[in-house]
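Listed next: structures, encoded as structure tokens.
Both of the next two complexes hold chain A, though its partner changes from chain B to chain C.
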Partner chain A sequence: MHSTQKSVADSFSDFVESEEKDFTLRDGSRIAVVGGGPAGSFFSYFLLKMAQAIDLELEVDIFEPRSFGYCGPAGCNHCGGIVSESLVQTLAAEGIVLPRSVVQRGVESYVVHMDVGDVTIESPVHERRIAALYRGNGPREGGDSELESFDGYLQNLVTGLGARVVPELITGVEHRDDRPYLKYGDGKGGQYDLVAMAAGVNSNIINMLNELPGDYLPPKTTRGYICEFRSTKEEILRILGRAVHVFLLDIPRFEFAAIIPKGQFVTVVMVGEDLDQELVHAFLNDPVVRRTFPTNATPCVCSCSPLINLGARKRPYGDRVVMVGDSGITRLYKDGIGAAFRTGKAAATSAIFHGVSAGDFEKHFWPTCRNIVNDNRVGKVMFATNAIMKNSRLTRKAMLRMAQKEQEKENARPHMSTLLWNMFTGSAPYVEMFRGTLRPGFIYNLLLSVGAALVPGRKKTAQPRKKAA
Partner chain B sequence: MSRKSKRADKAAETLDRITPAFRPVQVEKTAPCQVGCANCGDIRGWIGLVAQRHKTGSSRDQAMAQAWQLIAEVNPFPATLGRICPHPCESDCNRAELDEPLAINAMERFLGDFGIRVELPLPRLRSEESEEWIGVVGAGPSGLSFAYQMARRGYRVTVYDAREKAGGMLRYGVPDYRLPQQVLDAEIQKIVDLGVELRLNTRVGTDISLEELRSRHASLYLGIGAQMGRGLPVPGGDGPSVWTGSDYLARINQGEAVETGARVIVVGGGNSAIDAARCARRGGADVTILYRRSRDEMPAIAHEIEDAIEEGVELILLAAPVSVEREGDGRMTGVQVQRMRLGQPDSSGRRRPEPLAGSEFRLPADTVIAAISQVPVLDGLESLDHDGDWLVADSHGAIDKDTLVGGDAVSPGIAGEAIIQGRHAAESLHARLRGLDPDKASDPVSPPIEPEDILLASKKGCEAVHESRLQGEQRVAAGMGEVAKTITEQQFLAEVERCFSCGSCYGCEQCYMYCTSGCFTKIEEPTPGMYFSLNLDQCKECGKCVEVCPCGFLEISQPSA
Partner chain C sequence: MVGGALGKIYRNGEIIIEQGQTGDSMFVVQGGRVEVLQNSLKGGLQHLAFLDSGDFFGEMAVFEKEVRSATVRAAGEARVLRIDKKALLTRIREDPLLAVNLLKTMSHRIRHLNEEVARHRKTHL
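And now, the complex of A and B:
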């Protein structure tokens, strides 16, 4: 096609084509959504809602080979399943009301465990409570899980709006005649006016997009580890209470772990650059963890090692393509579902009200992404600081002490508590948290605590508080 | 054991390890269709060649030709069996768990017709010629299958048959409305094209002695079938207007008109009875079938019985003739019939019919067709080992050192079985003549994959294709015209996509797509069953690939104890 001398006819048809190049969606436009996880569903949800509002009829095909009714990794998009109450509220305001069968509400505290002691941090502000959910239909061999699939719930919601879920894998993406062309798992394929990539980062498809316009590069990733243990509801409530337990331990190579009670199951989540079976083993056998673990738990009924998005390296859009959720830009280490919501909505808004060219996405989609990217920069600094602090017994003690103090005093300004809380849930941007740490009160209290930690004192262990249902 | 229970075991074994290691291994498994019948060959394989043509880079016609060849490996009669086989292969199809089994038989028929239409030659196995000259008695499906399998292995083969034409019961038993003779001719011609010599009108045992044949040929195969219909053992049963089913059908199938009068009674419950009844119906008669047991015990193919009833054949169950009534001049007037009831099971496991005293009634009749049973004709062949009417063979089909036997002559069955026995005999003879391992059977031995191992949750329902068929009255009006049409190419191409490819990789790419450790590598020139190579160096043992594998090809590897 790359002949240097173009015939008159060719030039003319180029001219006609460029005149015809139209990047707005019209009645009958075909949109493919690759991946029916939260990003794919949120995008489709807003796309169809907004189209409805302006009386635009679109054909939306969501490609998702996974059945979220299936227990275990085959039907699951593997994550810790923690969402902030504020996200649940935001979704409700958008018309996505998550029923009790999908979200387990009422997680009211965090317990931070360190070798130097534990501290329970109550939800600092009321709306900042958290909720737990399962992405798939519960763990492998867990047909009796109390929670239904979150991803499945969203999928039903969008099929209700008229999206078609095609249970096919997309195996390749090409650019043909100015339109993206998707290759389906059965060897066939189809052409679309717009493709939303919502395949997350746990799929090789995101490494196959080099044919598309734009200069997309797949996000950098690191590995997480998730496993589920089965016990009894009573035992889990007795040991773990209604709290999410996070661990800042001084195990070599260890970075972060959380234990989340979910009915008769316990989800263990670990994150780190250098995560392997040995480290998982070391963590699960650490005395601090052992004492927080239901005694009669059945070892690991389900596990996976998913990748976590550490930030996209290039702009996640091009002509007629847009990357939403993990395939594009997401929050660092937390609130991935919230980010899927925000990027999905922004991409849909741009597509419906502005257009689907790279320029349209640049103007109307990228700002949402940019905010996340900028905030992640701050987040990185904070995680680095946190890592330094948690790696020294002294600073660990100081953190513990400061948080404990705050939790004891009703009227104390909960600086450290808010910080720890926010680090682990999605409610606040990293920027906001960072500003908090710059307040004189925080620094003063931290210094005080460091000082106090130097003086050997009574060892204090706060037990998780059990709340009535 | 299903993959799931293996997984549970695995978890129990590794209690001490906290996290069990789920390492995948690729294991091709037997598909249930292949266990149902060994005669459509590698069913999953030939379907896969067409269904996966987009992935393997074959054109539609190439893929269909390859598929035809794969069937022809074991069965040179796909167009024939595609029409008449009761298709046991379909009954265990895992697709039934979701909607309907695959229409394997209809697809086989399509491919068979395709093979005839584009004149595909049967595939040879060896190019060298062998010295031995092999003789075959009987040009029915069993003898021809044997002859084909020997000829394609390079042997000179001569087939002797007493009849004027080859085909056995497929020609002289099965009527044209189910199997047009041109279809049979075309498939037999392919075998002849391979160099098989047919010596027709030659009855072994009378026209030429068995001994002469033995001295002429290195080895013999006997596929003589069961040619003789048993008569009606009741008073008046041996006079005029009483036919055996085999004689009656042989006449009809040779295009001779048979005068039956207006009222025909057929006695029996097998395929011959049903076919005779349907032929008589097409001749314009009112036809009643008498069968002494109940419908469940009828040996005929179930849908054939259905078809006969739709065509207006009356079925009287639990009834048997006790005498044929005749006028003084011998002309038949009717049949005395006795009602039966089922008593204790007999040696065949079926409940024995017992007469009900005082239940006799009369049916007017002009013709009686006794399709009770057929037995082999052993005239001049009495020296062969036989038990009563039937020849006796060992598990390799050998009746003595140089003679093999198979098909209906050993025990009456369906054409597919006769073809399998012919092939097995050829495989074992070839192994013996060439000094190969005789037990290396070409049929699957491992148990079939279980439906739990198919990831049904991700499949969408879709009805099977059905051949378009004439309705009952139309069928009778069409006479010997074929009752069902071959599915169209479009229908065929849609139907192949319904296959789950149970136990064999079909390149869905999910393992490859979802393994974030890069354990799976695409094979450059994939073939059905072979799409990815597996390297576990980076495996995180999460087992996700096994979980998402929709066809049960991947499984958790078991530690070698």
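And now, the complex of A and C:
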């Protein structure tokens, strides 16, 4: 009798303990998503899609105080606004078609500008597979009725699946009774079974995570520079075409910059670890940049210096907390929206099919992040090599010559073109680009081009080869 | 101008893929409409279906090394995005759930095909 009673007591104790340690989402579980940008929306989208597929009913609250219907900073998420070739294809395969009102310009080529000449690198399949868009509703003074925000479009997709957008600012995060508790701007608060942090690195919320148990060291950041210039659609199309213009210039401390055409605006994006106003002015006044600019462009109508995630967050998850997009792990310099998609979907998959404990995220979410982290290590090597090559006139000429030759010949193997295309568009992992540079054909042609660059010649601008029929 | 800003524009009647040819990509309609046709036994082309924005075709070439089973042409001006086989399979290897959306559509098409076969049998009994 005694042993039976003990057994029942043990069973009850085990039951209580297992209930306390139950990290699976159930019908009615409440999920908070802090930040309504792409990372938050992709996480919510896949969470709700997968939940619907297994008949699980979840309550998803997305906390986003901004309205993406506003022009300028009030509705902006401080981003260059390029959706990479690989993400455009992945979204299409997922059934997400970006409407024309969202895509400000379908990009079909990149033009690389150097002091030694220019080269146009066409999309490998001669179609528009890169989207230039606005994360918010366009720059200050925008007011373009034809424009639809990318973040707003994704948010509408998610609310269509049943998520609720709460226009509240989160002012604090705590752990109460083994569950995360969010404090709202109006003094109220709410407890959740899972919190997905998707507020990026430009939000104060990232510093509040230290109040949660766990090892939440914020990622290393640097500042970028984004500026919008206004012109007319016709002039922008005439000068910039349907191409993104990138610059490899020998300006001290300069790393990378791009000019992106978007409707009646052009976006100038600069990234680097040592950006300041002096460098921005040096870039904008460089003769190579000046000749690429629309002649009737107004002075900068909207600008910002957002923080850019440069390194991995040490542990972007904990019990009932997961960090997606820029808040956690992202790709180095490129394809931040693609990284938001990958980490958002991986976190949602883990939460639905495995659980929301730190162990579940470690096993099922972290591998996706780790792949990005490892790829970024190779990316650092690639960018360092690029910096060395762009700082030497000889190697700049060699790179230009090799890419020009490939673009002019119909059947040439596009070694350098593919490298530059992937490097600038962010369409391929850095590991894949690095492998490409080890191919004998790449090395042989680069050496030939270095040899040819030693011979003095006139500056040349390459015409792209004829498009395939 | 046809809806959607990505992909490639095909003019009315322009062939996008042709039955019997080999292929290494699938396609997603971004705007406008395309028509799926098959060579009929009597000669000529037989209409199978229309596909609209968001619909995809040519997916069989991604999963098997057979030739295209149908011809697809633009019905009016259409904008169509090509998805590379290698890129898609690489993404599916990293994220198997990506294939679920494709499986859903393929499952829907098999169901539709079964209904067509049943209807066909009924009319010939």
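Quick note on the criterion: the second predicted complex is superposed on the first by the 430 of 469 C-alpha atoms of A that agree within 3 Å, B and C clash if a C-alpha of one lies under 4 Å from a C-alpha of the other, contacts with A are read in each partner's own complex, and residues count from 1 in each chain.
Note that contacts are C-beta pairs under 8 Å (C-beta built on N, C-alpha and C of every residue); 3 or more make two chains touch, one makes a residue touch a chain.
If you're wondering where the values come from, they're calculated on a predicted model, not measured in any experiment.
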Touched partner set for A:252, first chain B, second chain C, both or neither: neither
First (chain B), second (chain C), both or neither touched by A:167: first
First, second, both or neither for A:440, with chain B first and chain C second: neither
Partner chain(s) touched by A:287 [first = chain B, second = chain C, both, neither]: neither
Chain B versus chain C, judged by how many residues of chain A each one touches: B
Touching partner for A:129 - first (chain B), second (chain C), both, neither: second
Chain B versus chain C as contact partner of A:185, first or second or both or neither: first
Partner chain in contact with A:65 - chain B first, chain C second, else both or neither: first
For the chain A and chain C complex, residues of the former touching the latter: 46, 50, 53, 86, 88-90, 92-95, 97-100, 103-106, 125-129, 131, 342, 345-346, 349, 368, 371
Residues on chain A engaged by chain B in the complex (per definition of touch): 65-67, 69-70, 72-75, 140-141, 167, 169, 171, 185-188, 201-205, 221, 223, 227, 277, 280-281, 284-285, 299-301, 303-307
Touch list for chain C against partner chain A, complex: 1, 3-8, 28, 30-31, 53-54, 56, 81-84, 87-88, 91, 94-95, 97-98, 100-102
List of chain B residues in touch with chain A within their complex: 7-8, 11, 14-15, 17-21, 52-55, 455, 457-460, 497, 508-510, 512-517, 540-544, 547-548
